Structure formats: structure tokens, C-alpha cells
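Here come two complexes built around chain A, the first alongside chain B, the second alongside chain C.
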Partner chain A sequence: MAGAGGGGCPAGGNDLQWCFSQVKGAVDEDVAEADVISTVEFSHSGDLLATGDKGGRVVIFQREQENKSRPHSRGEYNVYSTFQSHEPEFDYLKSLEIEEKINKIRWLPRQSAARFLLSTNDKTIKLWKISERDKRAEGCNLQDEDGRLRDPSSVTALRVPILKPMDLMVEANPRRIFANAHTYHINSISVNSDHETYLSADDLRINLWHLEITDRSFNIVDIKPANMEELTEVITAAEFHPHQCNVLVYSSSKGTIRLCDMRSSALCDRHSKFFEEPEDPSSRSFFSEIISSVSDVKFSHSGRYMMTRDYLSVKVWDLNMESRPVETHQVHEYLRSKLCSLYENDCIFDKFECCWNGCDSAIMTGSYNNFFRMFDRTTWRDVTLEASRENSKPRASLKPRRVCAGGKRKKDEVSVDSLDFSKKILHTAWHPAENIIAVAATNNLYIFQDKAN
Partner chain B sequence: MECALDAQSLISISLRKIHSSRTQRGGIKLHKNLLVSYVLRNARQLYLSERYAELYRRQQQQQQQQPPHHQHQHLAYAAPGMPASAADFGPLQLGGGGDAEAREPVARHQLHQLHQLHQLHLQQQLHQHQHPAPRGCAAAAAGAPAGGAGALSELPGCAALQPPHGAPHRGQPLEPLQPGPAPLPPPAPTALCPRDPRASAACSAPSAPPGAAPQAATAASPPASPAPASSPGFYRGAYPAPSDFGVHCSSQTTVLDLDTHVVTTVENGYLHQDCCASAHCPCCGQGAPGPGLASAAGCKRKYYPGQEEEDDDDEDAGDLGAEPPGGVPFAPCKRARFEDFCPDSSPDASNISNLISIFGSGFSGLVSRQPDSSEQPPPLNGQLCAKQALASLGAWTRAIVAF
Partner chain C sequence: MSQKQEEENPAEETGEEKQDTQEKEGMLPERAEEAKLKAKYPSLGQKPGGSDFLMKRLQKGQKYFDSGDYNMAKAKMKNKQLPSAGPDKNLVTGDHIPTPQDLPQRKSSLVTSKLAGGQVE
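This part shows the complex of A and B:
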């Protein structure tokens, strides 16, 4: 069965064949820590693709217009803008270094020619304006061509400046800096559907901001106990509902999700809905708490469902049913017997993300060995694919991979013990409308497309 | 790839993670440390329940041999019938004294200090008495063995390294160990062993002010990679059986005041403070209220200069090392350096129980998950007291959230 799993809206239920499209990033074996990609996000139209890395940089790719004369390019993504979003900081009061790693990027809906995105590290959120400049003014009266100011008294005649084309220049300017609102590490930001506010969540608190106001934010969720010794859970992810601007959800390290309605009270400590699946007592282990911790929560585009990712599975929840998820997909169940080793090498703390396709018919998440998994919700088929340089021939089809959990390993199967746990795919993104996916494999960004058409 | 699901190795690994998280770039990650504390709790539960069952079995054996008053202690500590799951802290904790009663919060930290030093006391006992030392939760103790009677105690981290039975100088064979696989030494304490006690954040986190930890931690050598758990399955009874709790009541007690850096050996004391906190402590026979040591004869330890740590006390240090709020007079001594510390022996896995006690509760919210033990009437053993004491000791968690 080839290419099963995943479908953008156009393809519907047809089986898809995923093909390699592009890969960005260095080929070196030696990966610089700063180059490790830490977040990937498509813009709302899908024509821009932003990545953030551990070095605090943001790289934005833009999809080329489809060119009839070059039918093969099929809308490739090329670098559009690169800028340093965050720098390492030092908190002198606490003697702590604040990492510059970009934890999340979220695009704002487009409202003008310029593009806006929010990027955040552990402590500070920044609103960046990315604008194009392809004209420059010539013949200014008060300054020379090279920008030096002229003495006004030397100007004897006035002229109207002329706009002349220039090479496209993409500028990124920080328009707002939202700082000093979080004591703990920010793990999520989410733009509200009202396009005016957004939330930022750290381990214990969620704050609501107005995009225009940087000196004030409102705390809407606070789960910090009076006595920190009584702490039992932290917030791991939060998101606004895609359509209802008063609804947000946040997940916890205990594997629960709370839905809050901001209309009910100013402080949303009391949830409106509480989603929790009862634990299976037979599967209890030392690491039960760790593997049940939710690492990502995402609303479906429709707003009717939400998806959570814990260490071994993804679960789809119907917002109308709190008692259990409507779907549970095993990502890499074969790791359940390896939890002890994964604990030792810290892999059990990896925070995998998940994403929906444009029409919510498929979901995708990452795994180890540069594998990533897709689950088709309509056909209930799943597939494991690999992002590797070996499969990097242009338009080469991706072959489904299989992991052999034990026993006799068949040909083409990868045994669990030979998985490379240093190659983990934590961040993936799906184009909002088409079958194009971006997969971050350490310091490389892979772009795959379907072979339809 | 497989690793033995050994409770002790898990505990040591967890402690090492907590310790190393303090030096990680970006500050302490609350989420990760919370998850590690869950693993610690789970491993501790399992370990203690096993240990408890083991001790109970030994108790039964020993009861026939012990003099009656000691037997009383044994019975008190044995608390037979304790469900394994509730055996969070049993006789493993404060071996001596009936410090089972509930502690005032004030005294808890002091109890903890004493817990940490209990091992030192144990060593002395081994040296002086023919009894196996009660196992204490004092991760710190271990002061004596290396240097003999005059040895000085270091903070828990170092003490924890000292295998009560392994030190050659002891000359006192401990109770025969259970035949079993070799103990797995917790690597973190080992690595920290010769260091500044403050550096042994992993072991002594509850006591060491969090502020000191990062600096000290950087000074500490990187933890040795954990010896792979050679023991298949669970590690059983590799400890000297601290079954003779009664001994504790009539022997020396050595206490390190982590705040004033003073070590006191009390001739006739129990690890008293909480033991006597409530009026009915059978072993000490006194209703001495409040924390503090039973101050029979206190002898001061040698003081080794250069041991003075920067006292990076943040707000937590005050809790930890405060003067005993009245009660039995407490003779402070200078803190001493534990020289010749941590000889050949790598930290004995047996000392993990000490470490467990320190990190055992972690966030008390975890402890609250075991309601059964808290509901029981406080038996005359270290169980409840230790449980409560340790339940409230979240100093190392404070370290996590200190930023």
C-alpha cells in the first residue's frame, strides 16, 4: 500500500503519493546547535513558510509562483527573509540565562501588503512586520542619493521625486515587543480569531495580550499553587478556538485538557470543559506520568475537534465529549517497552507536535529516526515516512517505512533497536489548503508534496 | 537498549537529571523536573515497599533475639501489616527515636537535617556497638566511616556515598546483606562526593539553599555515567538491615546544622527533634517539646577550615537551617569537612534510601496521593513522622522554582 494517509482538500479520499520536493539546510554531519529548527509554521494562505531555530533566527520561505514555462518547479519554496528574532539574554536578578531559541511562530492573518508574525522565546514575544520594498525614491530634495542630508539653504529649486524600481528587498522590523510578563518558560502563543488579541502560555499561567499594547497583559489562567511544593501539573500547550474568540484550550502535563470560556469570568481558572481519558491501570509503569503528558494541542480547522499529542499517541477529541477521545492513533507503540532507556537518554521528554491537514481529514506527527506518521481519519489508514537525504531525488516518491517491534525482522523493516533517537522530528506543518508538508529534521527542513496532477 | 527497571537505578538517574538541570542553559525547566519527580516518586514507592517488606521480615527474625525494650522499638517500627503501597517511609527513615509523631512544620526541616546526618550516626554506631546501624534517611550522614570516630560529616551528598557496610575501617560487619546483586551506586552522589557539600545538590538539595546549587553544581565534577544496573530485577536488601532501631535510642547522635555549619555529637540522644516534638515519645522518654536535640552530652566536632561555603542562602535557607525554635538546647559546632571522604567505595545503593527520603516526596502533592498512610494513627515509628516531614520538604523543588 503506497502513499496512504493524508489528503489535502482537493484530493479527497484518493490515495496520495508523497514525493520529495525540497530540502533546506546544511548537509554537514556536524550539526550546530543553533541551527536546529525549533518551530515550523505555514502562513494562512500557505504562500509563506516560517521556521525558527535554536539560534534565535527566523527564516521565511516564499512559494514561487507557478510558472508555466517551468512546470516542474511547481511552486517551490525559496528563502524570502532571514532575520535574528531573539538574542540570548541574561536575567541578572535570578542569574539565569534566557535562551534565544524560538519556541513558537504564529502568523497573523493578512490585512495589508505587509506580513506579520509573532515569534517567542522563553520569555519575550515579538511582533515582526515583514514588508517588501521594491521601489526607491530618486530625486529627493533634502537628501542626496546616498542619503546625506542637504543643507536646506542650499536648495534652490524643488523637484518631485521619482519612484524607481529596485531589487526586491524584504525587511523585517520588530513592531512590538511583549516582555516581562512570564515568570516561567513560554511554551505557546496563539492568535485569536478576532485578530486583535493573542494568548501566551507558560508553565503555570496564560496571559492575554492586545496586539497593539505591549505594556500590559491580562492573566486569564493561573494554576500556580499557593505552595509550590503542592505543584502537580503544569500547562504544556494552549490555543484559541479558530472561530470562537472567547474559547481557548490548554493542556496539562497530566494528560488533561481544559477548555475555558473567557465570557464566564475574567480569570479562567475554572474550566468550562475538562477532557480526560481514564488511565488504563494495566499499563501503569514508572513513566506513566511522563508519557501521558500532552505535548501539543491543536484545534481542527473546523473548530469541532481538537487533537492532542502525548508521547506515544495522538488523540482526536470531540469538543462535545469530555470523557474520552473519539480517536486514538498509536504513533510508535513499540517504544513502550523502551521507556526506561528513553528516560535515561532524555528522549522521553521530547515534545512532539502534531498538525491537521486543511480539511481535517488527516493528521500528521513526528517520530524518531526521522520518521513521521500520517493518519487518514476517513480511511483509517496510516503510513510512516522518512525524511532523509537518501530519498532526496527530485520528485522521488517516499516509500512507506515499517518498524519491526520484535521477532523476525522482515526485509525493508527497521528494527526498534536500530532506530536513531537523535534524529527526531518534533515539528511538522501542513499547508492550509494543499497537500504540501514541511517536516523539520534537526537542522534540515524537508518539503514534500503529493504527486497528484 | 533495555535497561533493568531497577528502582534504585531509576532513582539515581532521576536525581542526576534534577541536578544537571540546574546547570542547564535557560534555567530550570519546571515541566521536566516535575515529570522526573513523578518517576522518583514511583520508583521510591516501589523501592520502599520492597524494602519495607524486607525489613519486616528481618524484624520478625530479630524480635526473638532483642531485649524487650528494643523489641518495643522494633515493633514500633515494624508496623507490620503496613500495606506496601503505604510504606513510603518506614523504619527506613529515622531509625531511632519514636519520631513518628507529627511534626510541627517548624521542626520538619530540622528533622530533615538530622535525617540527612543519620547515616553518620549509623556509622558511629557500627563502630561502637555491635549492632547494625539503623538505616536512616539521612543521606548526609556517612561522616564517620572514612575517618573513624573523629570523622567529620559532610552534607548529605557526600554522606550518601558512604556505604555503611563497605567501609573497611568499620570493622563491624553489618548484618549480613541479603544475597543479591551488587548495589548500584548512584552516580550523581559519587561524582559529587569529594566536593563541596553544597555542590552535591542532588543529594542535599533540600538542605542546600537553591542559590548555592548552581554555583556549586558547576564546581562539581560531572556525574559519572551510571554503572549499568547489573542487578537483574529489583535490588533487594543490599542494605545493612537497620532493623535494630532500639539501638538508636541509647547511642550517639550526630547532627549537622546546615545553617550554622555545626556538627554535634550527642551522647545520649535520639535524632530527637521531632521525636520529642510530641509529648509521647517512648524512646526518649521525655516530652521534650519542640525541635532540638536531646542534649545529653554534646561534643563538638573538629572544624576544618576551608569548608565554609558561601552561604548562598536564599529565602529557603532560612527554612532549612533555622535555629531550633526553642526546646532542647542545641549545641552548635562548626561544620567540619569530611576529609578522606568517599574512599574506594562508590555510593552504595543502600544509601539510596537516604536519597529517597530527601527527594522522596518531591512535591507534596505527590505524597498526597497516598492517603492511606496519612490516615493511620501515628505509630511509634519513623513512618508517619518521616512521611510528613519529607512530605513538606520541598526545598529541592523550591530550587526548581526559585527562579
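This part shows the complex of A and C:
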């Protein structure tokens, strides 16, 4: 599987020169709510890149083959397929509006010519089959060329249909609909390494599904208290281990991560491992718990580590050590003195995601002002870059950005007070084998590559 | 007293004292922010991560429309116009009886994403 082997994975985020490659989406000043990108995911080979948006639509891009006649196209991503995955619903029984927003997309490993992905909104997960058709049958016996059925009794002679080439057509069909298993809002889906099952997690429960079976799912984690008044924490993210099909982790709004082993019992309410960084009680404030809430958890490709994102930092944990993380990287520590206003405008509840590069030597996560951060785990260097149309000339190098926390602002630095908190980069993805990254900036998708690529 | 000592012998500040000062400085921004918030909202509870906050998160998407209330209100005001929602259309609870006009219309969902249209750069 991907990871350590990964085709000569070069050094991580910073010895590289990141360059603009492409940007997708409209330049409109007024962004329609439906166009806001809500998830980004590369396929296992990296040749497909899927996005989901608040309008329930999925757009899949495909990487062009290197083409001698168009050398500058250099592996660009172009639209391959687009479809409406989810639609808005109203649950009349519970008086609940169900958004069509795609919360997560996860690709299935490739097993045939067709491609499969799981997409989910708050309540329903769907398995989509994306297949190509480039041939058409001509000379059928029971059908006209325009598809009208012939009366069988009118057929006097039989002929063998011929397959003729046609323009490539990419079709997306929903093959399974996994519904009615979640009372609360689904925040995560994760495909198991057994390629047969997957998990879906909501605020209080995690369910296990078989990809072939839609009318049954097994509950494996349930943290709902008998008395809802006693509720103190919710599940924020969950993921299966990349190699051990019996292991999963889930994070909580209190900054803890629990690792569960499905072999130990059918209901994994008791964790096998409990990861929590000890907190200095004297530094506790009103905001402590809120900013410690883990918004994303991701295993490394190797399966040895996992990474968690809380409001101000990214932490890398060794699965063998529960007492504290092995690495802590500050994303935007300068926001600590802005927590009051970030609480008032709800930004403190923003859920940032994080991702590993193919060989686990670097990690990336987003911030505000369309900034995103990369940390190289080997050199311990970090860089802040910006996704902006101002720097969108083909192959233009991205200049590192700096935020000035206080005091005298140097030239080229951005002061904390002039950061645009409406420009959030919540979703980013890193190609599984190469240094290509996809960054979602509200309604635009940026693709950056390293110069050597 | 101890502060005076520090001033007289700044070079002899012990490692521990130095650390205390640094910790205090690190703590200050968050505590200062907390004080700001409490000043603005004095009724803010002690446990921010407690029940109320989490319940709000779990109840996202809840819309309130009672057809019984609606029909009773309609019957009461046969000859008058039904009151329409105030500026905040999302909060149709409490005294205001929501009307079908108040509820969000089912959005047209068949518009192609702009990511799929337009130029390829």
C-alpha cells in the first residue's frame, strides 16, 4: 500500500519550491452557499481527485497523461465526472432539516476498471460507481438504433451486433444507499483495510457496515449517556487503521483519542488505548476545552503514528505512547490573544482537517486568510503559504507568508488584525505518492506542485 | 518583597523564577481573552464544554413547524393577514406561528457545480 515505498518520495514540505499549477471554480465576489467546497480527497493512485460541496454535488478531476504534443500540460487535473450525490431532505417525523452538504468522500481501493467512492452527508452514505463507456453496440436484434424496442415477432433474421467506438462517456451510478443508521450527524467515514467493510461515525455513535449490505449495520461504539443531561463530550472524527483491520481510533471534543480493537468485544465502548496530553491545571481557561477539541484524526501511511488537529495546533502521536504526543506543531499561535472575538464570531468552532504526505515526512493543514501551513518532520522546518488568485500565473513559485503577532510589522508581513477570517482553508489533500497538493479555499480548488515535478 | 529582591539582583534570578515569569506571560493572552468575554457576557456559564453547548450541536437542523398551531392561528385570524417572519427567518419558534412561507424552500439542486464548468487553467 502507499507510504514508505511510495515511488521515490522526496523530502517533505520545505526543501521544495511549491508552485501554482491550477485553480478551479468561479471568480465571483458573491459566493453561493452551494459552491462552498466541503471535502477534498485524492484516490489511492492519485490520478483522480474528488471534491464535494455544500450543494451536495461531487466533482471528480482526472490527471492528464503526460502528452508529448502538449508538454506544458504536465499532468494537469481536468474534469472527469460530476454528479448530484445528495439532495436536501426534511425529516417530518423529527422536524429536522437534513443538509445535502457532502461531509466526506472516501475512495475505495481499485479492483476493476470502474472506480468506487463513498460520499456522505449528515445522515446517509452512498456508494457511487464511476465507469467509462467508450464503445456502443450497433446492429442489435431487439432494438432500433435509437433504442426503441422491436416487436420480437417482426424479427425474421438474426445478426451479430458490432461494437463501435464512441466518445468517452463517464457515468456515475449510486450502487448502494446506506441510510437510517444515524440519529446524530455523520462526521466521518473510513474504509477498512479489508476492503469489505467501512465505518461511519456521528456525534455519539460509530457504526460498522459491509459494503454489500445496506439494510443492516453494527453499532461498535456508543457514548450516549443514559441521561442526556450528563453529556460531556462528543465524537469528532474516526478512522480505521491503514493495515490492521481490527483497529480504529476516534477523537473527542475534549481533546482525547481512543483506540479500539474490534477483536476484544462486539461493542467497543471500552478503549484499548487512551491518548491525552496532560494539561497544566493552572493554565486552564474558559477556552481550554473548546480549543482542545480534535477536529480531525489521521493515521500515517505507515500505521505507526496518528495526527490530530485541534484549534491551534497539529500533534503527532506514536501509537505506542498514550501519555503525550511525540510532536506538536503550532499552526497559528498568534490567535490565542484573539480567542474572545473568535468565540463571538463562531470561528473558534471551525473544523480544520490535516493530512500527511505519501511518505509521512511532512504534514499540512489550513488556517485563515487563505493561508495553509506545512511542517517538515525531518528538518523540523515549517512554512506558511497562501492560496490566492493574485499568485496564479502558471508555475509561479509561492512565496512564504508571515503573520506579525504584535509590535512592529515588517514589510511583507500580515498583521493579525488584518487577517480575513472568512477565508478559511479547512480542507486540504496531498497526493499519495507525489508532491502535488489540493487546497480548497471556500469555492475555489487550488492545485500546487513542486517545481521538480 | 521578593520582587524587590529580583530588581536588586536581576542577574541572580533563578531558573525556576524565570520559568514562572515565562509561564505567566504565556498564560496571559488566554486569560485576558477570557476576562474580555466574561465582561461582555456576565451570564456565561462556568462549563463551556458542558451540556448546553453540546446539546446545541446535536440539535443542528431542527426546524419547528406545528400544523396544529398553524391551523389554529389561521382560524383565529380568518380575516387578517397572517404575520410573516421577522428578519431572522431561521428562528421560527416561540410566539411566532410559522407559515409555509417562512420555511426554507426546497432548493433547486440540479445546477452543475462551477468547478465542473468554466476554463481549465
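FYI, the second predicted complex is superposed on the first by the 437 of 453 C-alpha atoms of A that agree within 3 Å, B and C clash if a C-alpha of one lies under 4 Å from a C-alpha of the other, contacts with A are read in each partner's own complex, and residues count from 1 in each chain.
Rule of thumb we're sticking to: a contact is a pair of C-beta atoms (placed from the backbone, for glycine too) under 8 Å apart; a residue touches a chain by one contact, two chains touch by 3 or more.
Remember, predicted model here, so these are calculated numbers, not experimental data.
**Q** Quick one: on chain A, after the overlay, do chain B and chain C clash, or do they fit? Just give me the call.
**A** Verdict on chain A: clash between chain B and chain C.
**Q** Identify which of chain B and chain C touches the larger number of residues of chain A.
**A** Here the partner covering more residues of chain A is C.
**Q** Touching A:445, do we find chain B (first), chain C (second), both, or neither?
**A** second
**Q** Going by the contact rule set out at the top, does A:266 touch chain B (first), chain C (second), both, or neither?
**A** In the superposition, A:266 contacts neither chain B nor chain C.
**Q** Under the stated touch criterion, which partner chain does A:233 make contact with: chain B (first), chain C (second), both, or neither?
**A** both
**Q** In the overlay, answer first, second, both or neither for which of chain B and chain C A:417 touches.
**A** So A:417 only meets chain B here.
**Q** Answer with first, second, both or neither: which of chain B and chain C does A:253 touch in the superposed model?
**A** In the superposed model, A:253 contacts both chain B and chain C.
**Q** Name the contact category of A:203: first (chain B only), second (chain C only), both, or neither.
**A** After superposing on A, A:203 lies in contact with both chain B and chain C.
**Q** Where does A:169 make contact in the superposed view: on chain B (first), on chain C (second), on both, or on neither?
**A** neither
**Q** Going by the contact definition given at the top, which residues of chain A touch chain B in one complex and chain C in the other?
**A** 94-99, 122, 184-185, 203-204, 228-234, 253, 285-290, 293, 337-338, 340, 343-344
**Q** Can you name the residues of chain A that touch chain C in the complex?
**A** Touch residues, chain A against chain C: 22-26, 34-35, 37, 51, 53, 55-57, 59, 76, 78-79, 82, 84, 87-88, 90, 94-100, 122, 184-185, 203-204, 228-234, 253-254, 282-283, 285-290, 293, 336-340, 343-344, 392, 394, 443, 445.
**Q** Would you mind writing out the residues of chain C in touch with chain A in their complex?
**A** Contacts found on chain C: 23, 26-27, 29-34, 36-38, 40, 44, 48-51, 54-55, 57-58, 60-65, 104, 106-107, 109-116, 118, 120-121.
**Q** Within their complex, state which residues of chain A touch chain B.
**A** 91, 94-99, 101, 122, 183-185, 187, 203-204, 225, 227-234, 236, 253, 285-290, 293, 337-338, 340-341, 343-344, 346, 349, 416-417
**Q** With touch defined as at the start, can you tell me which chain B residues reach chain A in the complex?
**A** The touching residues are 1-5, 10, 13, 17, 25-27, 29-32, 34-35, 38-39, 42-43, 46, 214, 226, 363-366, 368, 392, 394, 397-398, 401-403.
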